[in-house]
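Can you keep this structure in mind? I'll have questions shortly.
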């Protein structure tokens, strides 16, 4: 588990990754149900690394804000665990890989309204509902949390994008009403979906996200002090590794070997336990909904640094 | 990822685990379809650790042979990867968690005969079929491999148990004929199931299994020299972590944080990358088919040593 | 197919059925999600027969209004077929038995938003949406249709019951949003569910329902003139026979041998082609959601009259 | 239900159907898993009607033997019911439409080894196993039964075809072993599949099949005397109507309105209760596995005669 880092210095390495992986031609797809994401130029590519020793490295479009989408699920989970000393959250959502597409209703029906994990949409809706017990405007709370972790005032909610996404949220509304039917949603379905869509519509840069995720690499300690207990931080990492990449978690663990969470905005947040937090971004997606160029760059990075939890 | 081992010395720690986790009353279940496993006394408990530095520690019933059952799947996968320079194996089986019970036919039907991973029964049948291309008596080959890795002549096939299990193998025969129907089995279904059941019926002790699994902790280098490339060894570890504990892989990653593979004989093989290979055994199972006392002991061990990949 | 009716005269026969099948003790269940239905006394039992020759026979509580619930689906289908000269409806809903519980989302997902038939909830929501193209207040239109067919001004919407049911309609809202997500709903999901719940909350008596269903027995000709073409009337009958009794259509066809449609209010509408329309009502349900005493009485009636389409 | 037959005389009508529906160009498909069926010329088309008054009409290739395939399931069910005075059969197989393809394992798993009905492959295997309790060589028994009902010695088992089909029976072997695993098969899986394949490989002509099915139209009385009680005959008809056309039972009931059972050999047996038994044959199939030209001819026949149970 000790990693002999005979890796090249990070600065030049990141530049090299940008050079090799920035898309030259348009390949991959854009999410059909979120039109504005299709407007992002296909050749965007950024990467940033925040180390537990306090350094930040970046290259490419690392300072361009993008829609974090499902990456917000890592942070809402962490926020829910902060206040959940009694383990109530884990009676409402499991911690197992799903084996079906992330927004499927089938498994939810088979398992009587208990989502398989907090990173599929159904599970994230339950987590959002859980946060709304503390603060009804959960999305604003998530924004404050991310701003504090990023250490700068950059992150913001793209309200126009959120409104657009909300108007196409039939699948999420179906999931929310279904959860309600099973008694696993306390707030109104519409309000939970609205909060969910708004915290998914937070705009951040690679640098901001890498810094915001640092507590997951640093035994729960983030840029602004303790966020989670060391064991809770490790456990969020375990859920990222088994469930973080939609239905490609196994493939990502196989190729990259690190806990990660992707979003359909093209971002991927990756944790090297004890070492650093990494955010890569490129907007075009593979068939499973993960950034095509981002995944390739992370596999390359893992090979060249030896970073892997295995 | 560096692990500061301020753990107590391993010898006394293992004794302590045996003292705390050896079952005093009968709880848990036995596999309904393999009658002879029910005859093993409920209060058996053994644990062994083989380190990459060449030491072996053990306690309890660590020298009592037990039926390795599905733990053999780790080794058949490794053997298949040894010869698979062209990646043909990965065109016949995926590397994703299954999200359904390990011997379900549903997912196999939905995915047109390509098993989700090599550790569910369907996947292990494909791996066995793959091995039979090299040596028709694949079970004997697995036994030779395990004996070589364990470094002693202890392991043997319990032929009476295999025959008994084979007579109750309707589910595996159904899976094998189903794979055949999809064109994903080359040898006769009956022959593949027989080889599969026989390599699952190999009897080994905790000490032997810990030593046999050492190459997975040591960058592919086992007791008797190189077995896999470092990257293949890591990748087997990633599949263990995401798929190794039936439908409790996520829970095990959450509680223990280490790659593991369990068998319904009550054994669990666990890898601490770079450090050691661990085998724990206690025959009674939880609702997911994993050793009840074994899982608890491993969670305890992880807490006390800090061993975790996250 | 010729039916030799050596049956006893209908008046005394119906009295006999009431005597034999009116529940003496409370057995069966009430629908969990519609509380007010549980308030109906368990020992209610009514039956009415309207013949194509213009006679009406009845016995028991045949003049007590009850909630027609899913029986409305027969009439909304007929109304949709009236105006559907281009067959557009059949591009949005199939005509096959479902083989899964009536409000399951699984099949809908597997078949990409095209419900299996117009009598499962998803299919009835599509039919309701189809009617709303003609008249936004589809429920009022259904009420007018039923009143005209019954020939008296008895039917009414129980608005309090509808409001109560609407507040517990999470499952139907989930279905409607899911249909919307697949592009198979034109009006807003909430409005479609409201219309659906309201036409399910129409209150009618056995006598009224038997008369309203007469056009299905009489080659499309009802009490007030032609409703459907003879072939469309037959075809509605075929859908009743294959899909009308939730997941017990096969069992009902086997025991009773007549096209029927049941509702969780305890009513069952049955057609004897060429002869008569029958409505039986008793509020307690079997495990499939069909009236327990009603089903038994219909099996008895079929045995004693020889009425069967087979 | 009384049918006013103002239909044209049957002889000329059948000739007309042959003229209109015999395929002129090759359309439709052949079953992928039974190669010899592809060798039958696409333009074969035959039809025969046997009336309860003792007449037989036929036209086209009505005397050419073809493989009856799944049509045998109607007769094995009738044979099982003959001896089943205790209803034991119905504890092992349901009577509900399946809603999934006829040889799917999914529903079988969901319903714990109890097939949905006797006409899907799993159900027919259970019926075959049931027959084997009486006579181990069930296929020979089915042949004797069919020969007796047809009243001539024409039917025979195409042993070469059976052997060929058996070698491609992986799916049926999977189903049989799966049933065995659930305890719902008494004889060895291989023996049941062999008997099943052999009675599916019986060769008969349209004329023979129409005569053999006459007891289903005639209240249980066949060409050679009583076969079933009137109520059992009706009930077989009800299962044909709800389950007889694979996953197109609803569509067939809608278009044709008569109980039918098809086979992938291109035959369809149809019952007009009280009137006649009809067999049509043309070898090319639609997407659901039913004869393309045969289904069209039956819809035409139903329209022109008014024959329909609705």
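Residue numbering begins at 1 within each chain, and the chains themselves are lettered A, B, C and D in the order written.
Criterion: a contact is a pair of C-beta atoms (placed from the backbone, for glycine too) under 8 Å apart; a residue touches a chain by one contact, two chains touch by 3 or more.
Since the model is a prediction, treat every value here as computed from it, not as a measurement.
Student: Among the chains here, which has the CA centroid at the largest distance from subunit C's centroid?
Tutor: It is B.
Student: Between subunit B and subunit C, what is the separation of their C-alpha centroids in Å?
Tutor: Taking the mean C-alpha position of each chain, the two centres sit 55 Å apart.
Student: Go ahead and note the Å separation of the Cα centroids belonging to subunit C and subunit D.
Tutor: Averaging C-alpha atoms per chain gives centres 32 Å apart.
Student: Centroid from C-alpha atoms only, then distance subunit A to subunit C, rounded to Å. What do you get?
Tutor: 48
Student: Quick one: which residues in subunit A touch 2 or more of the other chains?
Tutor: none
Student: Among line, ring, star, complete and other, which one matches the pattern of chain touches?
Tutor: Contact pattern: a closed ring, each chain touching exactly two others.
Student: Got a list of which chains touch which?
Tutor: A-B, A-C, B-D, C-D
Student: List the residues on subunit C that touch subunit D in their complex, please.
Tutor: Those residues of subunit C that touch subunit D are 1-3, 94-100, 107, 116-117, 233-235, 237-239, 241-243, 247-251, 253-254, 257, 259, 271-275, 307-310.
Student: Report the residues of subunit C in contact with subunit A in the complex, numbered from low to high.
Tutor: Where subunit C meets subunit A, its residues are 104-106, 109-110, 170-171, 173-178, 180-181, 189.
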